[in-house]
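Paired with chain B in one complex and with chain C in the other, chain A is shared by the two complexes that follow.
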Partner chain A sequence: MNLLRWQQVLGVIRLEIRKTFFAKRGFWIYLLALAPVGLFLLHTIIEIQLRHMGRTRDASIGQMSFIYAGIFQFFYLRLAIFFGCLGIFMNLFRGEMLDKSLHFYLLTPMRREVLLVGKYLAGLIAASVIFSISTALQLAAVLAQFDSATISHFLYQSHGLSQIASYLGVTILACLGYGSVFLAAGMLFRNPIIPAAVVLVWEAANPVLPSILKKISVIYYLKSLCPVSIPVDPGMPSLLALLVSNAEPVAGYLAVTGLLLLSALILVASMKRVRRLEINYTTE
Partner chain B sequence: MSDRIIFDNVSKFYGDVLGVNRVNLSIPPGITSLVGPNGSGKTTLMNLMTGLIRPTRGSIQILGMTIDDPENLFRVVGYSSQFDSFPKGLSGYEFIYSYLLLYGFDRAQADEFAWRAIDRVGLREAAQRKVGGYSKGMRQRIRLAQAIAHNPRVLILDEPLNGLDPLVRAETIALFRSFAGEGCHVILSSHVLHEVDIISDQVILMSAGYVVAEGNIQSVRNEIQDQPMQILIRCKQPSELAARFFEEDDVVEVRLHHDRAGLLVKTTNPTRFYRSMNHLARTGVGLESVAPVDDDVNSVYEYLIGEEGSR
Partner chain C sequence: MAVYKRSYRGYSGALTPAWSRFLVLYRFARRTMFRSRFQTGFFTLCFFFPLLCLLGIYANAHLSAFSFLTKRSGPLLKMDGSFFYIFTSVQCTLAFLLTAFLGPGLVSPDLANGALTLYLCRPLARTEYVLGKLSVLVITLSWITWVPGAVLFFTQSAMEKGWMAANFNLLIGVLVGSFLWILVLSLLSLALSAWVKWRVVAGALLLAVFFMGGGFGNAINAVLQTQQGYLIDIARLISIVEVSFFRDGTPQPFSPLEASLALLAIAGCCLWLLMRKVRPNEVIE
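Moving on to the complex of A and B:
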């Protein structure tokens, strides 16, 4: 890509970042991202209060890491980041169609593919910042209930730092993967409910899909990258057990490569679509 | 490189709905007005020119470039559309400046071009205010500033005079003239026919998705042969002159003007009529002036598009 195109990408990012971070219609994304922080904070406050009252429940850091892994996989990845990315990335094109302001971009000497890359990167930056900060705050809230010696031991002698780095990495990769999916969906569908429902079902059905179809799924790669596996309890409901199980885990580097490839393929398909995009606000 | 805007057999359908059909145009530089009733295809034609929509059939070339080449096309094309909406949260200056950066201009150049465009539309004082707080006329002007900021050679303007007060209207028309004077294309649509008449070098009359006439307004009028040309003759003895006109084969109607100081004559052959007027002038009938009265856009529009278009 030549220098002008990079300048254009930066120009689009500059315009989009402000819109994405401060959009009134995106306020709920912050609530979604901060919900688990509130949950963990509340749990920590209760734990500390109980300890002060002498009613210790002795939750170990190991147990907490399993609880965190469960909430991260079930709520945070599958719902918070999923719907957050839906809100951010579907709005990049669809939102501007509704605001009737997309044509200003299309009237500049910029290839539409460059516009798409700029918008995608702007969405990725916004989503990654919002959800990574939330991940970091969640982990801080979880650890806050323990004393400094336990935290220090966990961070430096029990792979705690690498776990934190993995969770942050998975968060960014989730934004990257779901971002590409919902950017494409934003150009194909007017109503976000339809693609959201389809992708949600597809992602949930991942464990029962044939091996080849599993790979066309964001959660398939993300599950393999999560640093803590959730143990399948024999008494667990079968549907939950199915969601937890990772029958065909892939190596970390393969999971990252696979997710990057999947996202790239979706973006290439989006580029083909954006080239034919027409401005017809009256039908929006 | 061609200096024309060329539509080659262009059709656009929105599903089953006709946008424009079989449009063939070759538009030279100067001010060209698109005239026609609502839904006649004016905006569709403009959106096709700028690639915002794609033709179902046919091809479009702007100064030799196609709409599939935005990197070159939009260096020479500026479009002020009818969409009265803006990216949220930007001031007038930020709106123009931010989009100029996408042209590859450095910050200093973008700043200079933005202020120059803002000055040309007279919005300097309001430039730092949010566009959301602008009046309709100001929004119209900031859109115009955005369209001209990169100094395009083809300026496409959809209803550019809507919402402007008379003074700004006159200044804006002068701006269009200065662009046209520099050899640029100014293509505009308007409902105000008398303004179109004053501004335009050529007109494109549209109705129901078809181009019904194009070119210089007088030549378009001359081609409308089923409507006799109306000519106003100012003279001292109109009744006497009227009697002479009844002898002419091509004269289909002669009426005394309401001020009784002239005649309104309808002729099917204006060329021959003017020739016979030359003879008459030599006979001393006291002719003061002879001028056509229905070769303006209003009349041509009325003849070609009719009552339906006037509504």
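Moving on to the complex of A and C:
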């Protein structure tokens, strides 16, 4: 790509970032991202209050990191980031169509692929910033209940720092993966419920899928990168437990490459689609 | 006819009785609803499972005719609470999906295009407008939830003497569970439809509210070591109510009464939100 194209991409990013961060209709995404922060903060306040009253539930830092891993994998990744990306990335094209403003972009002397890349990068920056800050705040809220000695022991001697880095990396990769999926869905489908429901079911069914199909999902790679693995619930019905297989986690570099490859493939397909994109506002 | 003779004249035809005016909205909405081939197809698909269950009941009662298929001496299906629990769960899930397609388009176009005034300038009150829009979902969802449930119940009752008296609580379970589900679903989707201008976004939000409610409820339970998180999990609350009728003795985090009250509170909040939006235009001088 030559310099002009990059300048155009930057121009689109500048315009889109403002819309994504400060849009009134995107307010709920902040709520979504901050909900777990509030929850962990509430827990910390309760723990500190109990300690002041001389009562304690004896939640060790190991237990808390295990609880955090569960919330991160089952709520934050699969639901909060999932729906957050749905809101951000589907809005990039479909939102403009509903606002009847996409033709302004298409009338500019700019290749459509450039527009797509610019919009995707803007969405990725917005989603990554919002959800990474939330992840950092959640971890801070979890650690706030412990004294400084315990925290420094966890950070420097129990691989705490690498865990934090992994969580932040997984958050950004989740935004990257789900972002590409929903950007493509925003161009292919008029109603986001159908792709959202299909992807949600597909991602939820990942543990019971055959190993070849597991690889065609975002959550498979993200789970491999999570620093703490959550075992299968012992209370699960035996028939379901038979079907559920915790797939062998792939190596970190393979997981990152796999996710990047998956996203790149989806983006290339989206680029092909955007070239043939036609606007008919009356059908929206 | 001369133009000056075309002056305004009041409508002199027969009036729709006041009590049933809200059904006019249902009549028109139904036409729009079935104009979409996808929605019509999905609505038809919702009858597949009840039909399968009906065939199962028939086969169960006439087992001797099917004895060549199985060497078992007992009934093919056990007609107990579990059967009706599975039936209600499947149909309620389908009802949820149908609502995600139908619900968001009911109020938002009227508000986005300023058409509410056109409704309210006619002899139709705000409550009747809401009731009319609500009836679209309530009637449509009834066709796929408690109506086939009741048909199954009475079919089974006709096949086996004494079964009805012994299992009457199952019918009540189907009715109560379905009514609560329909009420919460309808009000939630109408409230979202009224507050979110875009129809497609309202549909996605309905999906998010249900899944996020469940997910965040479980997160609350895990972090705070409590069971109060289930109070924001609508699907779990309805399941508690249904289980109390269908599967006695299964331990639950709340009593059915508490779960029903929580569901009614959610429905009340949705109604309040809806009524706040459904207002005629004010003339500011």
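In the analysis below, the second predicted complex is superposed on the first by the 270 of 284 C-alpha atoms of A that agree within 3 Å, B and C clash if a C-alpha of one lies under 4 Å from a C-alpha of the other, contacts with A are read in each partner's own complex, and residues count from 1 in each chain.
The definition used in the following text is that a residue touches a chain if its C-beta (ideal position, glycine included) is under 8 Å from a C-beta of that chain, and two chains touch if they have at least 3 such contacts.
This is a predicted model, so every value here is computed, not measured.
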item: Chain C versus chain B on the shared chain A, clash or fit after superposition; value: fit
item: Partner chain(s) touched by A:Leu79 [first = chain B, second = chain C, both, neither]; value: second
item: Partner chain in contact with A:Ile67 - chain B first, chain C second, else both or neither; value: second
item: Chain A as apex of chain B and chain C, Cα-centre angle in degrees (nearest 10); value: 80
item: First (chain B), second (chain C), both or neither touched by A:Lys19; value: first
item: First, second, both or neither for A:Pro109, with chain B first and chain C second; value: first
item: Partner chain in contact with A:Lys100 - chain B first, chain C second, else both or neither; value: first
item: Partner chain(s) touched by A:Pro36 [first = chain B, second = chain C, both, neither]; value: second
item: Which of chain B and chain C A:Arg190 touches, first, second, both or neither; value: second
item: Touched partner set for A:Val198, first chain B, second chain C, both or neither; value: neither
item: Partner chain in contact with A:Ile48 - chain B first, chain C second, else both or neither; value: neither
item: Smallest separation in angstrom, by C-alpha atoms, between chain B and chain C in the superposition; value: 15
item: Touching both chain C and chain B, counted on chain A across the two superposed complexes; value: none
item: Interface residues, chain B side, partner chain A - complex; value: 14, 47, 50-54, 70-75, 77-79, 81, 83, 85-89, 98-99, 101-104, 146
item: Chain C residues touching chain A - in the complex, by the definition given at the top; value: 97, 100-101, 198, 200-201, 203-208, 211-212, 215-216, 218-220, 222-225
item: For the chain A and chain B complex, residues of the former touching the latter; value: 4, 7-8, 11-12, 14-15, 18-19, 22-23, 96, 99-101, 103-112, 276, 278-281, 283
item: Residue numbers on chain A that touch chain C, as the complex places them; value: 25, 28, 32, 35-36, 39-40, 42-43, 46, 57, 67, 70-71, 74-75, 78-80, 83, 86-87, 90, 94-95, 98, 190-193, 196-197, 200
